[in-house]
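Worksheet: one structure, shown below.
A, B, C and D are the chain letters, set down in written order, and residue numbers restart from 1 in every chain.
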Amino acid sequence: MIRALDATFGAVGRGYLALARTVGGIVVLFGRILRAMVPPRFDRDETWRNLYDVGVKSFPIVVVTALFVGAIMVIQSAFYVKRTGATGLLGYGVGFSVFAEIGPILIGLMFSGRVGANTTAQLGTMVVTEQVDALRTLAIDPIRYLVVPRFVTMLLMMTLLMVLGDAFAVLGAAGTADAMLGVDWRVLVQGLLEAHFLDEFFMGVVKASCFGVSISVISCFYGLNVRGGAVGVGRAVNASVVANAAAIFVLDFVIGTLYTVM
Amino acid sequence: MVNDVHVAPPAPPRWYESLFIAVGAPFTAVGRELRGDVALAFAALGAIFRGAAGRRAVVQQAYAVGNRSLFFITATLGFLGLISVYQVATQIQQILPDFSMLGAAFIQLMIREFAPTITGLMIATRVGSGIAAEIGSMVVTEQVDALRMCNADPVEYLVAPRVLGSVVMVPMLSIYAVLVATLAGMALGHAVFDIPTQTFLSLRLVKGPDIVLGLVKAVSYGFWIPIVAAHAGLSATGGSAGVGWATTRAVVATSFAVVLLDFVISGASYVIFSV
Amino acid sequence: MIEFIDIHKRFGEKRVLEGVSITVEAGRVLYLIGTSGAGKSVLVKHLVGLLRPDSGRIVLDGQDITGLSEAAFYAVRRKCAMVFQHSTLFDSMTVLDNVALPYRKHARMKRAEANERALEKLALVGMREAAWRLPAEIGAGLQKRVAIARALTLDPQFVIFDEPTTGLDPLAAKHVDDLIRSLRNDTGVTAIVVSHDIRSIFTVADRIAMIYQGGIRLDGTPDDFRRSDDPVVRQFITGRPDGPMVI
Amino acid sequence: MSAAAAPGAHDGAVLRAEGLGKRFAGGWVLEGVDLALHPGEIVGLVGQGGHGKSVLLKCLAGLLAPDAGRVVAFGEDLATLSSVRLAKVREAYGYVFQNYALFDFMTVADNVAFPLRQRGDADERAVKALVRERLAEVGLAAAVGLYPRELSGGMKKRVGLVRATVTDPDVILYDDPSAGLDPVTSSKIFELIARMQERRAGSAAIVVSHDIDRMRAICARYVMLERGRVVFEGGEEDVAGAPRAVSDFFDLDGAGVLA
């Protein structure tokens, strides 16, 4: 009995220790990134390449996700709208649920899947093929050269993509509302404007920038800590997307609560 | 040895060429991807109906998909429940403080939409990338070729058990997700907004079709996630970079598949059954 | 001069190095030999700070570098370059960009100037024509030469080669051997080469040290090795399948 | 093996490539390769890195489908076989992979037993006994219960070798069996290859390697590939008359470094 208790608590304890180590490592990395950013000397080539990679490659998936999110929101409320005839609710719903809640979460998840996983795979591959060690032997600091450009890029791109995503979500919602309910797009936009949509819009963008920070730090952390060859890279990508998803939900809650309290 | 190298850099494509390539590439890529997924789905179904998936392997995979995702689903869906109730209740409070319908609407929306879809997305992330990483590293370390040389069909041996395990476990996890999110939402509603638990726990709005819709979604995510992920893993090429790209591709493709399926199933059910 | 003094290193339960001492004199090429997993690569990685010893000291050109911080090690790495076993070229960059990177990062050169200097280094290893290709487009033998060019960009005094001919076909291996030899003769670098390619060892080395079971089994000239009657050394250099060696 | 048809139906060759071509995105990797493997011989397949040796081996095993020409094994064109028939033919093959390709979720013993169990007709006790015996033969009796990740490179190579040969196949394909190993371990591996060959008289093998010195001991005939084409075929005695690039590769005068 005591042995069983011991085993259970041991496992739980070990789990928490591992979690603490990971979170600690991520925080330390975040600190090192910030320190490496003063003085702000970026490698121009590496930053440009990343801006292009991240921006261009995640553009289609963000657009498509946003269109679908807008559309699905309308489909979900179609039933009520049809029964009650309260077409004004559509715009309100899009503003509130898409701009402030579901939009940032889904776009954050997609971004972490596309860009975060990619970053972990890239850095992880560089670690197991000893390219990161090679950088160090060429007396180049991997944090400054590899991580800082990715951090800056993701922060910037996630914010921009969120703004873009909002626009496409409205488009998707308007298209679906027109096709399924015969509601004119102007009605939807009217509802949106009446519903203090700027508040929600800013909240969504703030969330998105925070997700950009967490995604970049977490995926770089898992990438730089890969061990054990090709198998290790795959495992690290897996762990990285899981951690990113968890972080997005936790951050979303924290920011949402802080926002309403303030 | 050296004489086969260029003397000058190759001419870069003209800007309009790169534009066409950039616009066209995603379509051809998605097309190719879909064709591969569907072919693999048929192969896996064939293997399942032949009874080729070993019982032990299926149980093992069900454990990997289900039990080992419990903590993750609890955390993410729990927070989703907290967030949604908090946000919606704050909104309602500003208009008129009548929370009587909040719980009922919340539970209905969870069952038909959020529990299966967010669970699906989370499983796509956790399990999808895991499957791609496992199978991808088996491909680049030539273990899949070794399986074939030993007369073990990789689809029977690797894909079919994962599909079966996931088809069973994703609906289970979705049901579990409804409970977790509802409990979290109810606790928050009670603590912050004084909503009585009996008022919150109302199944007034939940109709049969909602439950069917939620389950259909969960089952189809459960089927397609391992297929899409395994396809990404099996197409891995070359070294450690290959496994990384395969895993990345799996995350994107499986998440995307979930969003797409959600749209298609929700749309179809509205158009056909008006629910 | 490079001095390893009584280096101990273990990974978890596994003791890899148990008191290794080696001295390499300036301008010489030392070959470090031993079975796979004997700790040859582990030893040389201490010199560029990729690994830290559990005990013992490393002295480079009279400077004790054992306890240097990661930041302080960057100065050491400028004069001590390393060519890795798998070339480790940055695969997203062209051959030219790979070699020009250290110039751009350290000497703050303009792109045109950095490229020009990089092309000079590439010409040194006979790879100027391949400058605009990506690493993946050229074979392993050519990648190795580019990696050597990149390691030479900061004009290092010391160069470490980790298994430079492993996995190369005989012709490519011979090219790499010739490069190492001409490097010593023309620029006077001090080199440590980790290898178990018997042919390269006996055609290039000034001095050979054999690591066996955590310590140095024999340290001497190629002739010392040819004449040695230690059964372990004999078995290794003749490559006989049976003998006293534990593998 | 049951898969082998009567000799004479295919002029004695167990395995034959006819005008074999394979194309990847970058262009042709193999072009017009003709090759025949006769019972009882070991052919050394040599050439520079990245010039198509591994691809050729995979085509010969039916792991890659050729884009031109055909592979005939035991008198049957691999491309025309049904999956059931192909499986039957593959039972006559053994394949030693370059990177070991051990199943990392199985113990050493299960890895070796896997090809036997896959045939379905074997008695479990006989399988276990055979696996133990074969592993003991290569000095791995103590490793039966270990997982591949707990083994050194040389040990993994030996396990791969035993797994490929435990069914006593007619054709064994070795993809760079000594890559990255030190001289002593390499010699051990080549010694094992020779022993496998002796066990089953009439079985044939192709060995891909850069290790010319060690191949001399076991190969009677060599095939050299350059940019996907066969540039040399013959025994050691024919090297002298071959083009410079070939004789350089075999480096006949370089063997005396120890003298």
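In the analysis below, contacts are C-beta pairs under 8 Å (C-beta built on N, C-alpha and C of every residue); 3 or more make two chains touch, one makes a residue touch a chain.
It should be emphasised that the depicted structure is a prediction, and the values quoted were computed from it without experimental measurement.
Compared on C-beta pairs in contact, A-B and A-C come out with A-B as the pair having more. In this assembly, the chain whose C-alpha centre lies farthest from chain C is B.
Per-chain CA centroids place chain A at a distance of 17 Å from chain B. A separation of 47 Å divides the Cα centre of chain B from that of chain C.
Distance between chain A and chain C, defined via averaged C-alpha coordinates, is recorded as 42 Å.
The residues of chain B that reach two or more other chains are 1, 141, 241, listed in rising order. Within chain A, the positions touching two or more other chains are listed as 129, 231. Under the contact definition stated at the top, the residues of chain C that touch 2 or more other chains are 91, 139, 141, 171-172. Partner chain B is touched in their complex by these residues of chain D: 48, 58, 61, 63, 83, 87, 90-91, 93-95, 97-104, 114-115, 118-119, 163-164. Residue ranges of chain A in contact with chain C, taken from their complex: 43, 45, 49, 126, 129-131, 133-134, 136-141, 145.
Chain A meets chain B in the complex at residues 56, 60-61, 64-65, 68-69, 71-72, 75-76, 78-79, 96, 100-101, 106, 109-110, 113-114, 117-118, 120-122, 124-125, 128-129, 180, 229-235, 237-238, 241-242, 245-246, 249-250, 252-253, 256-257, 260. Residue ranges of chain B in contact with chain D, taken from their complex: 1, 141-143, 145-153. By the touch criterion given at the top, residues 26, 46-50, 152-154, 179-188, 190-191, 210, 212-214, 248-249, 251, 254, 257-258 of chain D touch chain C in their complex.
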